[in-house]
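Look for subunit A in each of the two complexes below; its partner is subunit B in the first and subunit C in the second.
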Partner chain A sequence: MISLIRSEIYKISKQSKTLYAIAAILIIEGFVMMSAYYQGAGIIDLLLDNLKDSFEFRGNLLNGNLIIYLILNSLWFHIPLILMIIISGFLTSEYKDKTIETVMLQPVSKLYFILSKYIVSIAFTLLIVLILAVSTFFISYWIFGYGDLVVYLDGLNFFKSDDAFYRLINAFLSGSITMVFFSVVSLTLAVILKDATKTWIVAAIFLICSNLLLKMDFNNDIINELFFSKLTDSWQYFFYYEIPYSTIYFKNLLLLGYSFLVMIIGILIFKRRDIQ
Partner chain B sequence: MILEARNIDKSYGSLKVLKNVTIECHKGKIYGLIGANGAGKTTLFRILLGLIKQDSGSIVIDSEGIKPIGGIIEKPALYGYLSAYGNLKVFAEIQRLKLTKELFYQSMHQVGLSPERKDAIKNYSLGMKQRLGLAIALLNNPDCIVLDEPFSGLDPMGISALHELINKLSNENQITVIISSHIVRELTDLCEILYVINDGEIIKSGSAAELLKENVTTFKIVGKNLELSEVLKSVDAVFLNKSVLVSPKKTNISEVLQRLIEEGMEVTSCIPQTDLKALFGKEQV
Partner chain C sequence: MKRLYFLVVLLASLNLINGQEIDNDLVLIKQRMDSIKSYEAQIKLDIDISFINMPSKYGKVQYKQGESTKVSSEDFIMLPKRGLDLTLNEIFEHPFITVDRGEVNHKGVACKVINLIPTSSKSDFSIATIFMDTKAKRIVKSEISTKMEGVFTTSLDYKNYVDVLPMTIEVQFAVNNVKIPLRFLGKESEVDRKAIRQEGSKSGKIFLTLSEVQIVR
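Showing the complex of A and B:
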């Protein structure tokens, strides 16, 4: 098992698509920062226009914390989409190049092979989120400096700089669980569909539908609380004044449970299927 | 016996691709599986290698090694972005085999590849990839290897080199080799035993030399001024551009050749032509 994981890491480290994934994330970061640099002040003025009549604002609201928050919002769509494309490719490329046949011609357990793919995919996801977080914090504070964070979430919420830092760190940690869920789903889709293009299309549709269903009210408390798409926004809860820790823990634990279930389904399908 | 597949059946939906197939292989011998495209060769090999499951029947491999059987299905499927070393490292590691420098050099030399090349194998020729695929199949010293259409796409030099390598593996390493092809000539020089598969059934089996002898009805004779030969006209020979096809019915070929020499003709070669219809046909010979 360890040797399978090691060889998976070796393959990923030698593939150019790994670099493309990291580059794509840094490009997204760059675009958010560039647009904030040139247009951020105007947008904040527009956002706070009404409040400025009643309150006096001191300091710079276009600061590193706001930029980090803006980049954090790429966890809604951009980052999971990139992750789903890259991670499904870990398996679909093996089907396309038929290297999976050569692997299975060696004395290798199918269970351990696919399990190692899931483990490495989860580790890769966490690494990508870590790279995103570290680079975002470092560059944002370096270019835009520190300051209080203003967030629009059911109204405007203001957080002191230290508090904002704590909330942003935790949001990244919580968001990484959501990213793991989407990554596991994409690998399972790759197990089912085998073909890269089909997997990308279905993964993108899954992500879009998941985001749409998140906002939908099912008029049923159980579905509204337990359905998977209702669990992918826990990282946003860190930007309410009172952080609802119990809700966040519940959502994250349940989402981990869903990830585990999806992984088990993928493993069972892979084990039962012929390699061809 | 090193490998025995007995009464193998396999269907895809309503399509029966293998019907009651039985083959037996002994240590150190080279076996050929010959059949037209779509006859079921690759499906049988996939089953022997454990890539797909048979619907019924049994496979017994008498080996106590870590890897009883290795092989290549169709083209060698390798990681194009890795070097030969990288590929061997990955495939060795997944079977818990440490690829030392000695093992790497030994594996590369065994299949006649240079261990000095450091570039990605996507730059390799098909023949080189075939050899590297074989090096991977031979990791952990299997007792038996299965090669599906290994000569497909190779140039004559590549085919000759692969023939030599397969003979070496069989003679020196006592590895059982099972090769499939739809081209008769590729297997005749190499294999001791042939299995003929048609429409998912093994229809003939036995000594390669005997099977081919029984299915040769025509000979291609090449020589000088053969068009002037009265002997050839008397046996209804078909005159081609620079050769003649003879299908002796009442006499045998040695008699025809003897008469040609007596007639003063200079014969430079006489090549048996396998009757594929008879070989791949269901009637017993």
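Showing the complex of A and C:
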């Protein structure tokens, strides 16, 4: 099992798509920062426009914490999309290059083979989120400095710099669970579909539908609380003025459960299917 | 003869209006405030607006005669556009007349109430109502209707009977809810745009607490 995991890590480290994933993340960061640099003041100006009649403002809201928050919002779509494309490729490329047949000719358990894929995919996802978080914090604070964070979530919430840092760190940690869910789903889709293009399309549709369903009210408390798409926003809850920790723990634990379930489904399908 | 009498009365009344003086008690209070060359104090700001959540902010307020009041802080702070003019310099910047409105009891203190009506178009307020504690020679409440920024009601509470500067200042004003750029939304599903549109303007308050006040006369 360990040798299989090592083998998977070696493959990923040698594949150019890993570099593409990191490059894509840095490009997204760069775009958000450039946009914030040139338009950030205008956004804040618009946000606080109605308050200008009554207030004078002292201090800078266009700071590193705001930039990190804006980049963090790429967890809604950009980052999971990149992860789903790259991670599904871990398996579809094996089907395409027929290396999977070579591997299966060896005395390798199908269970351990696919399990190692899932484990490495999860590790890769966490690594990407870590790279995103570290680079975002480092570059944002370096260029834009520290300061209070303003977020619109059930009102205009202002957080002091140290409080904002705590919330952003925890949001990245919580967001990584959401990213793991999408990664596991994409690998399972790869198990089912085998073909890279089909998997990418279905993964993208899954992500889009998931985002749409998140906003949809099902008029049913159980579905609204337990349906998978309603659990992918736990990281945003760190920006409510009073952090609802119990909701965050509940959502994250349930999403981990969903991830585990999807992984089991993927493993069972892979085990039962012949490798051709 | 009747025409001459009417003319004399008319001229006398016009003279009375043109020569209307500023209320003596207000002048005394202004003179008392002018005795302050400078002051410094630590300031705590608390905001009470339904759609804004902000922790208490701390800063430093500094005033030097001839200059406007300055507030500095390491944090982002929101200051009311009115309420920090404790020395009445902004009100006295342009000429005005006062009209005595009698006496009113405010928080157990008998206060003289006057209206300030600007006589210059340069003045940024259209009318102001001032509640004066004439015995303690200080202002305890003011309602200033500005031309551009709405009405600001300021209540001032003092630590004791002799202090010239207040310990707490409460500024009340009307404020409109914020506009939300789409890209800035944290969790779009939670925003009830219809409700926001219907809310219109709301009353907001800001509380300023002064401490470690150092006055140079």
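As a convention for this text, the second predicted complex is superposed on the first by the 276 of 276 C-alpha atoms of A that agree within 3 Å, B and C clash if a C-alpha of one lies under 4 Å from a C-alpha of the other, contacts with A are read in each partner's own complex, and residues count from 1 in each chain.
The definition used in the following text is that contacts are C-beta pairs under 8 Å (C-beta built on N, C-alpha and C of every residue); 3 or more make two chains touch, one makes a residue touch a chain.
Computed from a predicted structure; not experimentally measured.
Visitor: In the superposed model built on subunit A, check whether subunit B and subunit C fit or clash.
Guide: Aligned on subunit A, subunit C fits beside subunit B.
Visitor: Touching A:D97, do we find subunit B (first), subunit C (second), both, or neither?
Guide: The answer is first: A:D97 touches subunit B but not subunit C.
Visitor: Applying the document's definition of touching, compare subunit B and subunit C: which contacts more of subunit A?
Guide: After superposing on chain A, more of subunit A is contacted by C.
Visitor: Which of the two partners, first being subunit B and second being subunit C, lies in contact with A:K271: first, second, both, or neither?
Guide: neither
Visitor: For A:S3, select first, second, both or neither according to whether it touches subunit B, subunit C, the two together, or no partner.
Guide: Touch partner of A:S3: subunit B, not subunit C.
Visitor: Is A:K11 touching the first partner subunit B, the second partner subunit C, both, or neither of them?
Guide: After superposition on chain A, A:K11 lies in contact with subunit B alone.
Visitor: Please work out whether A:L105 is in contact with subunit B alone, subunit C alone, both, or neither, and reply first, second, both or neither.
Guide: In the superposition, A:L105 touches subunit B alone.
Visitor: Check the residue A:K160 against both partner chains and state whether it touches subunit B (first), subunit C (second), both, or neither.
Guide: Touch partner of A:K160: subunit C, not subunit B.
Visitor: Go through the superposed model and pick first if A:G147 touches only subunit B, second if only subunit C, both, or neither.
Guide: second
Visitor: How many degrees apart are subunit B and subunit C as seen from subunit A, counting from C-alpha centres and rounding to the nearest 10?
Guide: Given the fit on chain A C-alpha atoms, the answer is 170 degrees.
Visitor: So if I take every C-alpha atom in subunit B and every one in subunit C after superposing, what is the smallest distance between them in Å?
Guide: 41
Visitor: Of all residues in subunit A, which touch subunit C in the complex?
Guide: 43, 46-51, 53-61, 73, 147-148, 150-161, 163, 214-215, 233, 236, 239, 241
Visitor: For the complex, which residues does subunit C have touching subunit A?
Guide: Contacts found on subunit C: 50-55, 59, 71-73, 75-81, 148-150, 152, 173-181, 183-191, 204.
Visitor: Could you list, by residue number, the parts of subunit B that touch subunit A in their complex?
Guide: 46, 49-53, 66-67, 70-82, 86, 89-91, 93-96, 133, 136-137, 139-140
Visitor: Sort out for me which residues of subunit A touch subunit B in the complex.
Guide: Counting only subunit A, the residues touching subunit B are 3-4, 6-7, 10-11, 14-16, 97-108, 113, 274-276.
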